[in-house]
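Shared chain: chain A. Partners: chain B in the first complex, chain C in the second.
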Partner chain A sequence: MNKPDKEEQILNLLKAAREDYISGEALSKKFGVTRASIWKNIHALMKQGYGIERRPNTGYKLISSPDKVLPAEIREGLETEYIGRELYCFNEAGSTNEIAMKLAEGAVTEGTVVIAEKQTAGKGRLGRKWLSPAGAGLWFSIILKPKISPQHSAKLTFVAGLAVLDAIRTVSGLQAGLKWPNDLLVNGKKVCGILTEIKSGPDIINYQVLGIGINVNISEKEFPEALRATATSLAQEAKKEVARLRLLKEILKNIETGYEVFKKEGFKQFLIRWKEHSVTLNRKVKVAGLLESWEGLALDIDEDCALIVRLDSGEKKRVLSGDVS
Partner chain B sequence: MNTKEIKELIDLLKGSDVSEIEIEREGVKIKIKKGSSAAIITPAAVSQPVVTLPAPVIVSSPAAPASPLPALKPEGNTINSPMVGTFYRSPAPDSPAFVKEGDLIKEGQTICILEAMKLMNEIKAETKGRIVKILVENGQAVEFGQALFVVEPA
Partner chain C sequence: MNKPDKEEQILNLLKAAREDYISGEALSKKFGVTRASIWKNIHALMKQGYGIERRPNTGYKLISSPDKVLPAEIREGLETEYIGRELYCFNEAGSTNEIAMKLAEGAVTEGTVVIAEKQTAGKGRLGRKWLSPAGAGLWFSIILKPKISPQHSAKLTFVAGLAVLDAIRTVSGLQAGLKWPNDLLVNGKKVCGILTEIKSGPDIINYQVLGIGINVNISEKEFPEALRATATSLAQEAKKEVARLRLLKEILKNIETGYEVFKKEGFKQFLIRWKEHSVTLNRKVKVAGLLESWEGLALDIDEDCALIVRLDSGEKKRVLSGDVS
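What follows is the complex of A and B.
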C-alpha cells in the first residue's frame, strides 16, 4: 500500500468521475483484468468504508468516503513533495514508532509515514503507554534521514512541535502552547505528545523517527479518569469535531516546510518561535528525573533545547530530560 | 512489496527464533530486525533494583561480584556516548536492564538508551564482546564522548 495500487487507482478514477458512473467493463479494459477482478477491488473498497453505488448496466459511483486514515484519503490534496508520499496505513498496530524504526532499517524513502487508526501499544517516554483509541486521534510516525549528528537531532522534534502547533491553529482555531520538551497543551491540558527515536553512530544519525500522537476527537469519557485532569482533546476544547485528515495533511505539510528550512537555515528562528509559544518558561517548575528532581524558575531554553532552571539556591541547572510539572 | 507482505514478515519474525530477515526483490531491499525486547538476554537469577517515578530515589548498584575487578582502570575498550543526554539501563524503570556486568553481548544488541528532550537513542553494540563494567548509573546525565561501558572482546 506504499504506492498507489490498482485498488487505489480505481478509487481515484471513481473520485474523478464525481457524479458519473464508471462501468465495470471500462475499468476491466483499462486494467486489462476481468470484471470479476474489478468487483473484488470494489468490494474491498466498500469493506474499508467507501460508499459505492453499484447500478446494473451502468456501473459504479462513489457516494461517500470514510473518515479513516487510508492512503487515498491522505494523499488526496496532500501538499508535500515527499513526506507522506510513501504510506503504511494500519487499521490497528502495536506502535507506529516501532514499525517505522523497523522499516527505516530497510530501503524506505525519506518522508515515509506509518499511521494507525488505533495503537494497541502506543509508546510514551520510559516505557509508558500512550492511549490511542480507534478513529479518534492521529497516531503516526514519520521517517526522516537528516545528515546531522545525534547531538542536533533533538532540534528536529522542536521543529515538529511548532509544525503541529501551527496546524492545530489553522484547522481547529485553537491556540496550543508548547511544554518542554515537546508536549502540546491546550488550556493547560495535553493534546499532543512527540516521542522521537533515532538510530545513530557516534557522528551521524542513520535515521530519525518522529512519533506524533494527537488527541483529536476523543470524548471526555473515553479518557481514563486518571488522565482527565491532565489530558484533553482538540474536540473537547474546540467544542466541535475537528477534521482529522485535514489536520494530518496540514501537519505533514508544515513538517516538510520546517524540515527544509531547518536544513538550509538552521535552528535559530525555530528556537525563537518555540520560546514565544512556550508555556514552561518564566514559571516555577518541578522537573523529575530518575535519580534527582529539581525545583526552580524555568529561565530559558538553550540552543541545544535543554531547559535552564534557576534553582532556589541560585544555582543554574541545565536539564536534558525529565517530567516537568 | 506491499504493507501486507511486510506486516506478514513482521508477524513471522515475532513468532520465531529468527531475529532478522533481509529480502531483496525488484531492486528493493528490506531488512526487518526484531526489536530490543526480544533480543534482550538477561540471566534469570539476578534481579535489578527498581526505581519508581517520580520520586527521586537514588538506588545503589547491585553488590559487587565475588571476584572483584582490579581497582585500576579496567582493561578493554569503552563504548562512549554519542550525545549529551540521560543514560538508561532499561527500556522502562521497572523492566530488566538491557545488559549487566559480565554479560556477553552480540553485535547489534541494544545495551542502553540515551535520552535528550524526549528523543530516544537506543545504543547498540557494534561488535560482540563482554560487558566488563558499566560506568554510569541508571538515570545519570552523561556528556558527549563520555565512556559508558568497558567491554572486552569475547
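What follows is the complex of A and C.
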C-alpha cells in the first residue's frame, strides 16, 4: 500500500470520529460501495491489529491502534512534504534497502519510504548482517534522487546522521554521538547504523537509498551475547520504552529539512555540526580500510567526508572508507 | 549466447578444417546428435552471415565469416583470461550499459561483455544520446567487480581510456588524445566516449560497468550535420577502413592488463600517462559543472581524477564532474 486507499480512508474517518460510531451505511454511501465491501476493509484493518468495535444497528468505532509501522500510523501527524508520503510497509522483509533499490529502478517518487517490522536479511556495511527483530526497532530506507555526483553521496549519510541524532534527543532525551563514517552511539554503544547505496553514472547519481536501522526497544536479552558489549538500544539507555512511530516521524521530518538545506546551501554547516557531535575525532583510532589498516590520531574530517588520521610516523592519511575502533 | 555452445563449437571445427569439408555424419557422431540437429546449427550460422558451402555426400565447408560482433568472431584470437570470455552479443539493443547493469544484478562473471551491432538508445553522459549506427562502430559494455570504494570508480574510466588509446594506435596507427573526463579525440574531434556506471554501497562498489562507444567506420555522411564539427570516426581520420573486431580484441586485452596492474600497483602510473596524453591540460577551458560554470586554465588532474582549473581570479577550482569546451 503506498498512497491512502479506501481502507486507509475508512480508518482515518474512524480516527476522526473518536468516541462516535460510524454506521456501515454511511460508509457505504460515502464510497459508493456495498456494506459487505466496507466490512471487508474493516476486517482487514482488524487483521492488521486495529481494535474496532462493531455494534449492531450502530456501526463501527476505533478502540485502539497497533504500535506497528503501518501506513496510516506513519502518515498521521507526519510533518513532511514528500518524505514518507509514499510508503511500502512490510510486516517482514528481507532487506528494506534491497527493496528500495529495486523500486528506485521504476517510476517511484522521491522520498518514498520502505519500512519493515522485521528484516530477515538486514544489511550492514561491508556485507555484514544487521540484527532487525520484529517490533523493537526501526528498519527503513528512503529513496532520494539528488542531483549530485557520486563522490558526494557520503554527504547525505552525514545529513541523515544528524537528522537521526536530533530526533533521538527530541523523542528520548538521549544525546547520541556520531561515529565515523555512519553510526550513532549512545554511551559508547551502537544504536543506529546508516547504509547508503547508490546507482550512479559518472556525473550524476540516478538514485540514492538511505537505509537506517535503529535499535529502539530491543532488550539486552534480545541481543546475541557477542553484540552486547558494543550494541545497545534507546530503551536500554533511556531506561524506558521509546515511542517508535514518533521517532520515525521526527526522523523523516528532520531528513527532509536537512536535505532541503543541503541542496540549497551546501554541506558546510552539516560538516561543522557533524564534527561537533563526533565521537571519533581527537582520539587514538585503529582504522581498518579495504586493504590496509592504520593506527593514529583521528585529526579531522574533510569536506568529502574522509577521515584524516595522523599516523604515529607523523604522516597524514586520508581514509575514505573503513572501520574505526 | 554467452559461453561456446554446440553451434559455436561446430563453427570452430569448420574454421579449423580450413579448405577441408567436414561431413554431417562426423559432426553428428562427435556431438551425439542427429544429422538434422547438426543441419539446424549450420542453418543458424548461415543466418548469422557465415558463408557455408554444403556439398552432397561430402559435407560442410566455411567460405566466409561476417564482419559482425558475434561470439565466435570475438573469441577467436582473443588474448584475455576473463574479459570478453562471457559474451552477450546483440544485433540490436537499446543500450548495452543498461543491459549490463541489469545482468550485473544476477550471477554474472566479472569481465562479461555486452555488445551490439547497433544501439537504438545508446547513452552518453548526462542523459545524452550516443549515436550508434549498425556495423560502423563498437558499442559495448564490460562488467567489472573491483573491490574499490565508489569514490575511486572514475579511475577505472581513466584506465579504460588509456587502453582504448593504445588499441587505436596499434590497430589504426592514429594517435588519439584524452579529453577530460572521458572522451578520446583524434585531430580534435571525438571518436570515443566512455560511460561508467556503478551500483555501490558506502564502502565498496557492487559492480561497475564500463560502457565504451567508438566511431570506427562511420562515414561523414552518417553523422548528423550538427555533429560533424565535433565528431569523427577512425576511418575518416585514417582514410581507410579500420578492422573493427581486431580493435575490439585489442581493447579487451589492454583493459584486462590495465585493470590487473591497477589492482596490484594502484593508479599512479595511469594518471601520469593519462596526463601525458591529455588534450585538456594547459589550455584555456570553459567547464560547465552540474550547477555552475567556470572559465580558466586547466592546470592539473589530481589523484581523484578531478580537474584543477585556475580561474581568471587566480582561485583554484577542483571540478569532479563537468563538460569542458
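What we mean here is this: the second predicted complex is superposed on the first by the 324 of 325 C-alpha atoms of A that agree within 3 Å, B and C clash if a C-alpha of one lies under 4 Å from a C-alpha of the other, contacts with A are read in each partner's own complex, and residues count from 1 in each chain.
We take it that contacts are C-beta pairs under 8 Å (C-beta built on N, C-alpha and C of every residue); 3 or more make two chains touch, one makes a residue touch a chain.
Remember, predicted model here, so these are calculated numbers, not experimental data.
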Combined model on chain A: chain C and chain B, fit or clash: clash
Partner chain(s) touched by A:P150 [first = chain B, second = chain C, both, neither]: both
First (chain B), second (chain C), both or neither touched by A:V279: neither
Partner chain in contact with A:A17 - chain B first, chain C second, else both or neither: neither
Chain touching more of chain A, residue-wise (chain B, chain C): B
First, second, both or neither for A:S321, with chain B first and chain C second: both
Touched partner set for A:N182, first chain B, second chain C, both or neither: both
Chain B versus chain C as contact partner of A:A26, first or second or both or neither: neither
First, second, both or neither for A:A107, with chain B first and chain C second: first
Chain B versus chain C as contact partner of A:L227, first or second or both or neither: neither
Touching partner for A:D304 - first (chain B), second (chain C), both, neither: both
Residues of chain A contacting chain B in one complex and chain C in the other: 101, 125-126, 149-151, 153-154, 157, 181-182, 195-203, 290-291, 304, 320-322
Of chain B, residues touching chain A in the complex: 2-4, 6-7, 10, 28-33, 35, 51, 53-54, 56-58, 80, 82-86, 88, 91-95, 115-122, 124, 137-141, 144
Residues of chain C touching chain A in the complex: 101, 125-126, 147-154, 157, 181-182, 195-204, 290-291, 304, 320-322
Parts of chain A lying in touch with chain B, wherever the complex brings them together: 1-2, 5, 88-90, 98-99, 101-103, 105-107, 125-128, 149-151, 153-154, 157-158, 180-182, 194-203, 288-293, 304-306, 320-323
